[in-house]
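As written, the chains take the letters A, B, C and D, and residue 1 is the first residue of each chain.
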Amino acid sequence: MSLLKEALQRLFRKPVTLKYPFEKRPVPEGFRGRPVWDMRKCIGCGLCSNVCPSGAIEMVGKGLQSEIKHYVDRCMFCSQCVESCPRNAIKMTQEYELAGFDRSKMLYEYKREI
Amino acid sequence: MRKVRYGSIIKVPFGPQHPALKEPENFMFEIDGDIVVGVHPRIGYNHRGIEKAFERRTYLQNIYLAERICGICSDAHTTCYTQAIENLLGVEAPPRARYIRVIIAELERIHSHGLWVGIAAHEIGFDTLFMYVWRDREVVMDLFETLSGNRVHYAMNTIGGVRRDIPADTVPKIKHGMDFLEKRLKYYLNVVQNEQTILKRTSGVGILKPKDAVELCAVGPTLRASGVKNDVRVDDPYAAYDEIPFNVVTHDGCDVLSRIIVRCEEMLESINIIRYALDHMPEGMIRVRVPMAVPPGETVSRVEAPRGELIHYAKSNGTTKPERYKVRSPTLGNIPALCKMLMGAHIADIPIVLAGIDPCFACMDRMTFIDDKTNKKWVWTMQQLRRKTRK
Amino acid sequence: MAGRRDLIAYNDLKKWIIDPGFCTLCGACEAACPIHSLKIEGETLQYIHDCSEHLEFCPICYDVCPHSEALLLETLSFVTDAPNRRESLGYYRKVLLAQAVDPELRKVSHGGGVVTALLTNSIKQGFVDSVVASRTDEKAPLKLHPSISLVPDDVFSAVDVGYSPSAVAKAFGRAVQEYGKTKIAFVGTPCQVLALRKLESWEHKIVDSLKLVVGFMCLWCFSLKHLFESLEKTHNIKPSQISKIVLEKREYVVYMDSETVRIPINEVRKHILGGCSTCMDYTAELADISVGGAYPLEDWSIVIIRTEVGEEIFDHAVKNGLIQVKSLENEPEVYTHMVDVANFKRKTALEEIEKMKGSGKPVPPITQRMLQPLPKELSLLSSLTVEQIMTKEVMTISPDTTLEELLNIMTKHHHMGYPILDENKQLIGIVTFEDIMKVPPDQRSKTKASEVKPEKLLTAYPDEPALTAYEKMINHRVGRILIVDREDPKKLLGIITKTDIMQTLRWPMKRR
Amino acid sequence: MTTETFLIILQILVFPGAFFLFALAFLYEWVDRKVLARIQSRYGPLYTGPSGILQPLADFLKLLSKEDIVPMAADKILFTLAPVFYAVLPLTSLFIVPVASQKSLVMFEGDLIFVMFTSALMILTVFIAGYSSTSRFSLIGGVRAALQMIGFEIPISLAMIGPAIAAGSLSISNIVQWQQTSLQWTVWLQPIGFAVFVVCSLAEMEFVPFDIPEAETEIVAGWRTEFSGRKLALLRLGRDLELVLASALLTSLYLAGPQQVWLIPPVVTFMIKTAFVVLMFSLLRAIFARFRIDQMVSGMWKYLVPLAILQVILIQLGIGR
């Protein structure tokens, strides 16, 4: 019965649950969400695709002609690519609602403006 | 373990899919009436080939692989991994990094033990306590999110130190969280020790005598709840544990109740460690840069994970990928002791005794083959496996 | 230089810089290498593992090397905001003499202790959170170590000038990556400053944390091993005895516990690092603030402030009473000495390059690039006429001006050469700093400008292409050319200096 | 057809008969879930209807439309009949308990015994349900349910007898009337009996700490493991009706049942009282851990049976009459 008091108190208090899909929780600074590439800064060194532990990043082409393909369905948001990128071309955003039914929609392509 | 009994012995499977086991693992119990007379653990159900995967990835990528051996003690695995690789490289993490590692490891211990107390409450049908403990555990999870950017896979460790600093403005936040948790944990400790229904279900259940515990190589809180003082943090200090004073919590009840109490008190001790570490954290470097390739050699590294002693073994051949990697997770060490505890228990006690070792089967499962008819065990080589797959 | 670049920059770095021995061990490549393949260990650069395993294409280590030709013009854009540019001074806002107010500080430091005072103030005021600089070892006073200072007291002992290479740029990388610092002041020699500026123009992420670049004036660095060996052989000086080596008037003075030995500059020049022998930058032209010794004044330093950031931080230190300043205008000797050394450095470097070219040895890519404009720059120059780029308002002197007066004028305005006009405004020649230096100091008050002017006068016409004027300057190895009227060659219309050429070449570049 | 017959049919089908009772069952499931959730700092049902009040109905309808799987080895007839009985039995009992007025729809001297009988039958149904599914978990669950019945059946019967002795009648409606006419609630006269009744009701409804026959972490869903689709829907309905029955019985026997207070119709007071009882059940199930079956049975016999007997003796001695 030692929980009775707390139980009675809780009965008249607001629940702590967040009504998630309707009420989104703000994420803190430095949250590791979906990474995005800034192709104006990218030099196409291919390091991000090489260090990626889950093979979520694919680089098509070489050097300054390259394109980046990012498969979010494989990404595990470790942010090693951000850490390895020598030029701040990759940033972690605060996007976290990335689940879906269609894998083909989880491919983000980054092309260079010519 | 197999005992032949005549009479109405029925076999009750536990898992691989079972509400008491949140992870797939198979236990076959022989039940005589309501009493367990035989336990047959069949590990390997969830073998993920992680050790082989280690050999295919670079040392840098393996940090994140090590992190995903276990979702709950992810930091313990990376600490152990990075320590092993640091040993091979001959570098040492800077002091501040080691303090940060301690803080993260202890936060993780709080979160892991808190999670476990909730699970234990759930196993004995006390869902309200389960909800309360998990609600308060959110404090730690939020701290993790602020500190590392993720609630579960903190990715704080890297070879040669830690990836993120603990900035001065988050220190009061952590301390505030610790004050709150301390209050709550003391309350839960009080509840656990005074609530009659909990005492009924846990005291005198799943007895593991100190002698058995040592003989069967139990580790972690399971061992300490049997009154044996054993803790890698003290016996073989790593990170900054040699500079931080703390007590090794033991309890000699040898039953599930003392396992709960040991874990609760360990959480309180962790809070003290975190406070001390925050106050005494030195300024300076948080990491050293290391090359991608690791000189040849082999090493073993030990860490006190929330569940007990965690051992990683690494062998390097001078390239950027390890030649062999081996993980001995604490749950594996506790399985023989678990079988001992379960003998003679009631069916109703199985979940709570099973949960009593805080099992993490996903990080435990290894590749062995057992023919349960002849009791023959063997391990397949890579060639044999390949041949099998070709067929 | 090398036509096509290799996809893996290390191959270029090895071929053009490490193998010919131009590396000055600043460690910029180690700091910049994203996979930590390079490592500075002692006086060698180690290549730890094959980076092409991890990278498809990487220009970094070659691009950021201070001896490579890459990004040279881009680096200029950091200082070109400054209103003035003079040869051997670079772009600048202010030139002045300064010293630390604290006499203790002056005693421990070289010169006026300005850098130490400045950085202490910036850390205290929170402009920067750490300082990356060189520091001497107590056991081996000549050997420099890069150091990362976090608290003001650390800086007190940190900043030091010396003659040995120090991997400061590597230390800068460590400060960012290992210490996690975000506001860093960097102190280094001209080549290290250049390395940092190259990192900055490359937009490497570690320079997001760079707040202030302080450059030391540097003649060159020694390979300490060779220097000690030769000192021991020729003068029987043990390295452990040496407490200090100071350059005084083209002589190195080796201070030992009991005695001092004077060694002529040419004797020890053999032992300088490969990259230093062709380096032409004395005053760290790309730094936010350049600081150098104010010989012959003891306890004063000459300070060149080039950028807004530098000016702000320096003024703050002056306002806080940590630094006291004095105008340079009344100290022509100090100025003369500095310019003289700078010219000496440039001259010897040019000689060295000639020698190297003659013997078929490779020349550092950066020098090659500086001496030979790119085709597109040449076409830009040829598309412009002299009139379009020349400076029309020329400071002139009368033939009766004595050299001492002239030096005073130079100290005030920092121009290095002055056309001589007679009373009828007829051009009779030009007198430059080099010409004055040929006259011994004690006779300078008596000698008149017209007496030392060279026989030959290099001129160009306003309607000529700028390229022609430029080629004339290059061929005659002069820094300025006078523009005269085609009809009346005695009528001075303007002047083109190297500064004007630089301004023209870099005008498409815009500071970000 | 006379108007009277029509009225009786209407009473049986709509109010206070089947339809009303179903509605009440769903309402009380919602109250129970909501209160339990609030105690546990959760929201509980939220989106179906205002504050999720229609959630139990939605669950029921959804289950009706789901696939109905019968295990191959199961005894098909028993397996199909068990859920039907499980839903019908509490409904039958509820016709005996006064809901809308002091008099129940069906009343006869000795209907209290009938209610006891149906509650025993329900446990039998549970056992049969567990037995007929031939699953190991179901079997253990069914055996546990039967074993548990041995524990609580005696004290609950004794606790029911208490008010009957006091009222001098074995009819629930008469007990209610006796309480209202003598203007005293039995709960004040026989608090021990009330407590015993509450505890045993928890056991009857398989609420924590007595949810042993369907202990999720031990034997999956116990005797209900193999049921799905319509059968599971019926089981859930039966469970909800059982909650209504238990609270209605408690209200009738100890809290004076439906009572006309000033202008408030008796059905409203009935609902207020039963809702209070449901709230109490929810609170109690939230603050305990589950007992083990041996502990439960021995505890019942050690403590509750003597207490219940003590209460009966006290009544016989004239205390609480």
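Note that contacts are C-beta pairs under 8 Å (C-beta built on N, C-alpha and C of every residue); 3 or more make two chains touch, one makes a residue touch a chain.
On a predicted model such as this, the values are computed, not experimentally measured, just so you know.
*Asks:* Relative to the centroid of every protein C-alpha atom displayed, which chain's own C-alpha centroid is closest?
*Replies:* Here the chain at the core of the arrangement is A.
*Asks:* Among the chains, which one keeps its Cα centre farthest from the Cα centre of chain A?
*Replies:* D
*Asks:* Using CA atom averages as chain centres, what separation in Å is found between chain A and chain D?
*Replies:* 51
*Asks:* Which whole number of Å gives the spacing of the CA centres of chain C and chain D?
*Replies:* The separation of the two C-alpha centroids amounts to 93 Å.
*Asks:* Between chain A and chain B, what is the separation of their C-alpha centroids in Å?
*Replies:* 27
*Asks:* Would you mind pulling out the distance in Å between where the CA atoms of chain B average out and where those of chain D do?
*Replies:* 44
*Asks:* Would you mind listing the residues of chain C that make contact with two or more other chains?
*Replies:* In chain C, residues 35, 54 touch at least two other chains, as defined above.
*Asks:* Mind pulling the residue numbers of chain B that touch at least two other chains?
*Replies:* As it turns out, chain B has residues touching two or more other chains at 58, 128-129, 132, 135, 164, 195.
*Asks:* Which chain D residues reach two or more other chains?
*Replies:* As it turns out, chain D has residues touching two or more other chains at 39-42, 286-287.
*Asks:* Run through the chains and report each pair that touches.
*Replies:* The complete list of chain pairs in contact reads A-B, A-C, A-D, B-C, B-D.
*Asks:* Which residues, counting only chain C, touch chain A once they are in their complex?
*Replies:* Interface residues on chain C, with respect to chain A: 7, 32, 34-35, 54-60, 202-205, 208.
*Asks:* Taking the complex as given, what residues does chain B use to touch chain A?
*Replies:* 57-58, 60-65, 67-68, 128-129, 132, 135, 138, 142, 145-146, 148-150, 153, 155, 163-164, 187, 190-191, 194-196
*Asks:* Can you check the complex and tell me which residues of chain A touch chain B?
*Replies:* Spelled out, the residues of chain A in touch with chain B are 1-3, 6-7, 16, 27-32, 51-54, 76-80, 83, 92.
*Asks:* Would you pull the chain D residues touching chain B in the complex into a rising list?
*Replies:* Listed in rising order, the residues are 39-42, 136-137, 140, 208-209, 211-212, 215-220, 286-295.
*Asks:* Considering only the defined contacts, which chain C positions touch chain B in the complex?
*Replies:* 35-37, 39, 48-49, 53-54, 150, 173-174, 177-180
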